[in-house]
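Each of the next two complexes has chain A plus one other chain: chain B in the first, chain C in the second.
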Partner chain A sequence: MATNKKADVVVVGLGWAGSLMAEELTRAGLNVVAIDRGPWMDTSTHTPPAVDPDELRWGIRKELFSPPKDNTLTFRNRPDQTAAPQRDFGIFELGGGVGGAGFHWAGMAWRFDPYDFEIRSKTIERYGLGKAEDGELQLQDWGITYDELEPYYDRFERIAGISGKAGNIKGEIQPGGNPFEGPRSRDYPTPELKTLRSMEVFNEATARMGYNPFTIPVANLSQPYVNPLGVSMGACTYCGFCLGFGCGNYSKSSPQACIFPVLMRRPNFSVITESCVIKVNKAEDGKTVTGVTYVDKQGREQVQEGDVVCVTAFQVDSTRLMLTSGIGQPYDHRTQEGTVGRNFSFQTISGTDMWIEGEQMNPFIGAGGLGSQIDDFNADNFDHSDLDFIHGAGMLTLARDGAPISKANKLPEGSPRWGAGFKKAYRDHYQTYTTIFNQGSSMPIKAGYLDLDPNYKDKFGVPLLRITYDYSQSDRNMAKYLMDRAVEVAQEMGAQHITPFNFADKPFTTAIIASDHVIGGTPMGADPKTSVVNPWLQSWDCHNLFVVSASVFPMNSGYNPTGTVGALAIRAAQAIVQDYIPNPGPLVEA
Partner chain B sequence: MAAMKKIVAGIAVIAVVAAAGAGIWAWRTVDTARNAGADDTVALAAFTSTDEAAIARGEYVMRTADCAACHTQGAGEFAGGYEIHTDFGTLVSSNITPDPETGIGAMTERAFFDAVRNGQGSEGLLYPAMPYTAYAKLTDQDMHDLWAYMSTVEPVSNEIDETAGMAFPYNQRLAMLGWNMLYFDKAAFDGDAEGDDRGRYLVDAGGHCSSCHTPRNGLGAEIAENYLQGAKVDGWYAPEITSNPHVGLGESSAEEVAEYLGTGTDGKAMASGPMAEAVAHSLQYLSDDDLLAMSSYLKSVPGSGVTAPAKADLGSPAMTRAALRYEVNCSACHGTRGDGMGDLVPAFDGNHALLSDDPTDLVRVMLTGARAAHTEAKPTGGGMPSFAWKFDDAQIAEVLTYIRNAWSNAGTPVEPATVAAARATLDAREKLAEGY
Partner chain C sequence: MNRREALFSLGAIAATGAAADGARAREMHGYPADMTVDPEMLPRSVIPGGQMRVLTDDADRRTVTAVFDRLIPADDLGPSASEAGCVDFLDAQLAGRFGEGAALYREKPLQQNADDLMQTAQFIATPRERYAAGLKALDAYAQETDGAAFADLQPNRQDEILKGMEDGTISLGEEIHTKAFFELMLQNAREGYFSDPIYGGNRDMAGWKLIGFPGARYDFRLYADRTGEKLDLEPVSLIPKD
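Coming up: the complex of A and B.
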């Protein structure tokens, strides 16, 4: 076993969280070593515009993703079942190289709602204790408020150049934006993308119904932009090849496009690629960590020591690393004691497909995150007093892509599925198809958690992570309610064919991709009894260890997670620079 | 370093001159009396300047002369080891740290002046790969300051054999005497280096712009009447940088040229290849005033007589095909109007750097791709992918002819044979087979 030169900070995983942190930390003069299990990947060399956006290669075979043979886990719905390994991508779209999933993501770039961060307190405040504690749910606050996170959301949006239209600037509602969003200090750095036909139809219908449609904020840039690091980005061409693809013309925000040009040139930064961290090493006294052990490209175990370790891997991997490293007490669903692994949540997806005769949606014009949304049924924006659930969903229509292979299955019920009849149906309906997707929140349950599987190990001999989870009754009720609302909107949009869907009317499964937004496992919070990291994302157990990942979310909202991961990463990195390094120790007393 | 090839090619001939001319002519050539003001007693290794102002000025002189670009290669700052490849062998740049054994620690200031300004090094005559032909114009003050700066450089022990890769007779340093006798103008700068002539001073002395941008004769000497009018260098074409409005800087403002020099792009043209290195290592460190002085001077230099040709017929079948190919393959970055993308992607419309009669750079970039300069002000360093696998020679020629003639542009057509030759020279791959 070899030991590298000690770093000031070791970063495990160079996705959005890792690269945002590394940028902050190296700018402050710290020596940072990042370790990523994937290879080096860059826009101009791996996905340049000279290479055709091949849907089969990138969209269907998912060439940019980490394959299940390298990274998978096991799954069951209930603790009395035996978990089986997930053998296809399913809901896991893990990054296959540096940049993580931030390289191939679609680009929806949200902030969470103020309600999310104080979900337990605010639910009790408005509806009483019974609504928050129904025996099944395990609600807890995040230990920070939206207002505390706002400056870091702003910083992330500036670095990524997010295109959108503000709905609330310092409490003043802005026409055209999302009136329900938390107050922003200023507008987005670049204007919202253009309104495409499917959005237009959705906007008109929802406005007639008294709802408040707006354009989704995205990391697909509406115009050329220079970010605060001095890095230039291009303008989106609406080619639609974003989700699963690298962006050849620098218009989709990613660690590669927004941060690497500066970070990689800094002499106090280095990255070790194709090397998988298998353990965070604890000091003898157990109160700090000394660095990490990783398996390098040649299969050799190596040690990278550091004064501070930041685990910035994807949610399942960050949680697994904490479990394999023996840091913190694993969660016990029977007693609800212990913290590592608790509060796993997914998203509760419903909606409806629809076909509007005579329409020309021109779906081949699109952008990964582009669409319209209403938040009238999201968060606590509507009265839940007489409803049998809390929270809700962002109800959106997508103008993402016209991918011909994956769209081939989008035909009205009764359409022939083969031969000349299929071809005719596809020809007729390619242009008339659109969808409403309810990106539903997901509440943690007492019996939902992550631990190490007793039977299955990976290629390094490390136990796989095991998911034990099913939707709560509250989430199921929410999904049904939102599906019914989506059908009403589809009718108002003039659809002749309406095919609703609700993933939560069946048991949860990792096999079918309803969403790929999994969260929890190392929740953040103000109470060490119910959280793994404190509000600065610092481990309660080892004060020089920070976990920065969607694994720190104590629940999942009706939005995509990346913006919140980015904001939390910047906030944690600044806390390390400003508070931890001058005075190492717990930033919050337990 | 194509210039080096010509220089070395001439050596065999010149060696005869060197042998025959061992008279007053040779003595004048090697005479360095001009450097008498430099101290000849204290070796660099034994001296560390404490004159902070002089050190700072000297570092700036080092930047203007781009010393680090050639003298730093992996072994440490200024520790040498950068390889310069020629058909006659490989030259390796020397260790110029104050290390007494392997660097220049044993040199006195006088010896340093003799080397930098006169090409007379501690191991014999220097090859003009070291641009002493330009550095001869450096003022005494700048040389004293540079010496002060070099005294603060960290000594690195790194043994370099500069000519080990050069075969006989090209490894005979004395042969350079003949070349110097014929072509080396060792005269001091003839203007006000700190005042009115600052731009010309920076261009001709430290900047050594003409080393690449002025064509050379058969023996590798710069042709004075074609000063800065563009030349082939090491597989690239260093374009004309004079007042010529068609292929030079005539249509750009001095401010735009200064921005290009200092950041790598003015939002229209973009440095790539060797120029990206010059910007990244040297020019980005220059003051705005100096950059403006340089660009103002360049814009005052008389240009070649090259004028815009008649525009190609954009309605022809070839140009119609090329326009579609441009839209499909190029416009995502370079824009449907050829207007590029800010500081990230060069524009084509009105970009005179595209229009030289010699299309070497355009062809090269299409075949091998390119990377923009990374500078503090504009750090992105965007990449242009190779299209060698996607287009055949005729297709590349057509699309290049198209961008040279679309919008407000007018340029001579690019021939498929030119692309074919470059594909062979650059060892770029063939286009993928079609129709499977």
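Coming up: the complex of A and C.
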């Protein structure tokens, strides 16, 4: 085993969280070594326009993802079942190289709602204790408020150049934006994208119904932009090759497009690629960590020491690393004691597909995150007093892509799936199809958690992570309610064929892709009894260890997670520079 | 040395190319100078009508061709799957990473409850192995019920058998997950018909022309404001025209 030269900070995983942190830390003069299990990847070398527009390779075969062969986990619905491994691609869309999932993501760039961060307190405040404690749910606050996180959301949006229209600037509601969003300090750095046909129909219908449609904020840039790091980005061309793809135009925000050109040139930064961290090493005193052990491309175990370790891997990997490293007490679902593995949540998806005869959607004109949304049924924006659930969903329509292999599944009920009837149906309905997708929130449950699987291992002999989870009754009720509202919108949109869907009317599964937004396992919070990291994302157990990942979310909202991961990463990195390094130790008293 | 000194003991700037380099993985300092496209990333053209690499058995190839041409038949809307090159496509796919299940986690055991838990059929076998077993089983089924090869049956009868496979009312034997095998063939036939012609199918972009998908175009800014209009864009593929 060889040992590298010690670093000030070791970053485990160079996705959005890792690269945002590394940028802050190296700018402050710290010596940072990042370790990523994937190879180097970049725009001109890997996904130029001559390579990118290829649905089979990127959309279907998912060649930019880390494959299940290398990174998978096992799953069961209940603790009395034996978990089975996820063998093919499913809901886990892990990045295959540096940049992580931030290289192939679609680009919806949300902030969470103020309600999310204080979900337990605010639910009790408005509806009473019984609504928050139904015996099944395990609600907890984040230990941070929206207002505290706002400056870091703003910083992330500036670095990524997010295109959108503000709905609330310092408490003033802005026409055209989302009136329900938390107060922002200023508008987005670039204007919202164009309104495409499916959005026009959705906007008109929802406005007639008294709802408040707006354009989804996205990391697909509406115009050329230079970010605060001095990195230039180009304008989105609406090619529609985004989700699962790179971006040959430098217009989809990613670590590659927004950070690497600056970060890689800093002499106090380096990245060790094709090397998988398998353990965070604890010091003898048990109160700090000394660095990490990784397996390099040749299969050799190596050690990288550091004064600070930041685990910035994908949610499931960050959680697994804490478990395999023996840091913190694993969660026990029978007693609800222990914290590592706690509060796994997903998203509770419903909605409806629809076909509007005579329409010309031109679905191939699109951008990864582009669409219209209403938040009238999201968060606590509507009264839940007489409803049998909490929270809700962002109800959106997409203008993402017209990918012809995957869209072949999108035909009205009764259409033949093959034969001459299929050809005719697909010809007739390719242009008329659109959808409403309810990106539903997901509440943690006492019986839902992550631990190490006793039966299956990865290629390094490390146990796979095991998920034990099923939807809560509250979430199931929410999904059904939102599905019914989506059908009403589809009717108002003039659809002749309406096929509603609700993933929560069956048990949860990792194999069928409802969403790819998984969270929890190392929740953040103000109470060490119910959280793995404190509100600065610092481990309660080892003060020089920070976990920065969607694994710190104590619940999942009706929005995509990346914006919140980015904001939390910047905030944690600034805390390391400003508070931790001058005075190493717990930033919060337990 | 106290904690703070320890943090800064290395100084702000690390020397590049530290000791023990030989024992390291790829440690990258600085932005890579070579910005040209990685040859590994360029897609490789499948030559239609070339040598079969996996579907080398005539009977198997006839069977899958017959199946594909019922899934996507020739009619006045366009060519059949095989006329569009979908069998060439399938052979190339089965010969490569997809066929060998390169992305799949294939550790044993395959648990009894896995299909129910996952709500979709689970396999340790690779797609190549599933085709090899499935096509033989389908032909054996046709021989047993109709006394002829599947490829030699009347189209109506072929459709009946395929419908039975799709619905799960026909079993091709205990070794074959019949419904899942039907879905695998349907998915691959569609992939061939609607993927870029560079992979051997979608000949003359027939699949894209059927539905009006303009292919590997990379800039729609000139058209994005023309919402709701029929644009009649000619498709383009990743294969250069000349």
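Simple rule for what comes next: the second predicted complex is superposed on the first by the 589 of 590 C-alpha atoms of A that agree within 3 Å, B and C clash if a C-alpha of one lies under 4 Å from a C-alpha of the other, contacts with A are read in each partner's own complex, and residues count from 1 in each chain.
Keep this in mind: a contact is a pair of C-beta atoms (placed from the backbone, for glycine too) under 8 Å apart; a residue touches a chain by one contact, two chains touch by 3 or more.
Quick caveat, the model's predicted, so the values are computed rather than measured.
Undergrad: For A:265, is the partner it touches chain B (first), chain C (second), both, or none of the two (neither)?
TA: After superposing on A, A:265 lies in contact with both chain B and chain C.
Undergrad: For A:57, select first, second, both or neither according to whether it touches chain B, chain C, the two together, or no partner.
TA: Touch status of A:57: second partner only.
Undergrad: Just checking: does A:457 make contact with chain B only, chain C only, both, or neither of them? Give me first, second, both or neither.
TA: Second partner only.
Undergrad: Return the chain, chain B or chain C, that is in touch with more residues of chain A.
TA: Looking at chain A, the partner in contact with more of its residues is C.
Undergrad: What is the contact status of A:239 with respect to chain B (first) and chain C (second): first, second, both, or neither?
TA: both
Undergrad: By the touch definition at the top of the document, which applies to A:48: first (chain B), second (chain C), both, or neither?
TA: After superposition on chain A, A:48 lies in contact with both partners, chain B and chain C.
Undergrad: Identify the partner contact of A:582: answer first if only chain B is touched, second if only chain C is, both if each is, neither if none is.
TA: second
Undergrad: On the A-aligned overlay, A:275 touches which partner chain: chain B = first, chain C = second, or both, or neither?
TA: In the superposed model, A:275 contacts chain C only, not chain B.
Undergrad: So, A:226: does it touch chain B (first), chain C (second), both, or neither?
TA: In the superposed model, A:226 contacts chain B only, not chain C.
Undergrad: Pick one for A:420: touches chain B only (first), chain C only (second), both, or neither.
TA: The answer is second: A:420 touches chain C but not chain B.
Undergrad: Please write out, lowest number first, the residues of chain A touched by both chain B and chain C across the two complexes.
TA: On chain A, the residues that contact chain B in one structure and chain C in the other are 42, 44-45, 48-51, 235, 237, 239, 248-249, 261, 265.
Undergrad: Using the touch definition up top, name the residues of chain C that touch chain A in the complex.
TA: Per the stated touch rule, the residues are 3-4, 6-8, 10-14, 16, 18-20, 23-32, 34-38, 41-43, 70-73, 75, 77-78, 97-98, 102-107, 111, 113-114, 117-120, 122-124, 159, 162, 166, 186, 189-191, 194-196, 198-199, 207-208, 210-221, 223-231, 238.
Undergrad: Provide the residue numbers of chain B that touch chain A in the complex, in ascending order.
TA: Touching chain A from chain B are residues 329, 331-333, 341-345, 369, 371, 374, 376-387, 389-390.
Undergrad: For the complex, give me every residue of chain A touching chain B.
TA: 42-45, 48-51, 224, 226, 229-235, 237, 239, 248-250, 261-262, 265
Undergrad: How about chain A: which of its residues touch chain C in the complex?
TA: Spelled out, the residues of chain A in touch with chain C are 2-8, 29-31, 33, 40, 42, 44-57, 60-62, 67-69, 72, 75-77, 81-89, 194-197, 200, 235, 237-241, 248-249, 260-261, 264-265, 267-275, 294, 296-298, 300, 302, 307-308, 359-360, 362, 364-365, 402, 404-405, 408, 417-420, 422-424, 426-427, 430-431, 456-457, 506-507, 509-512, 581-585.
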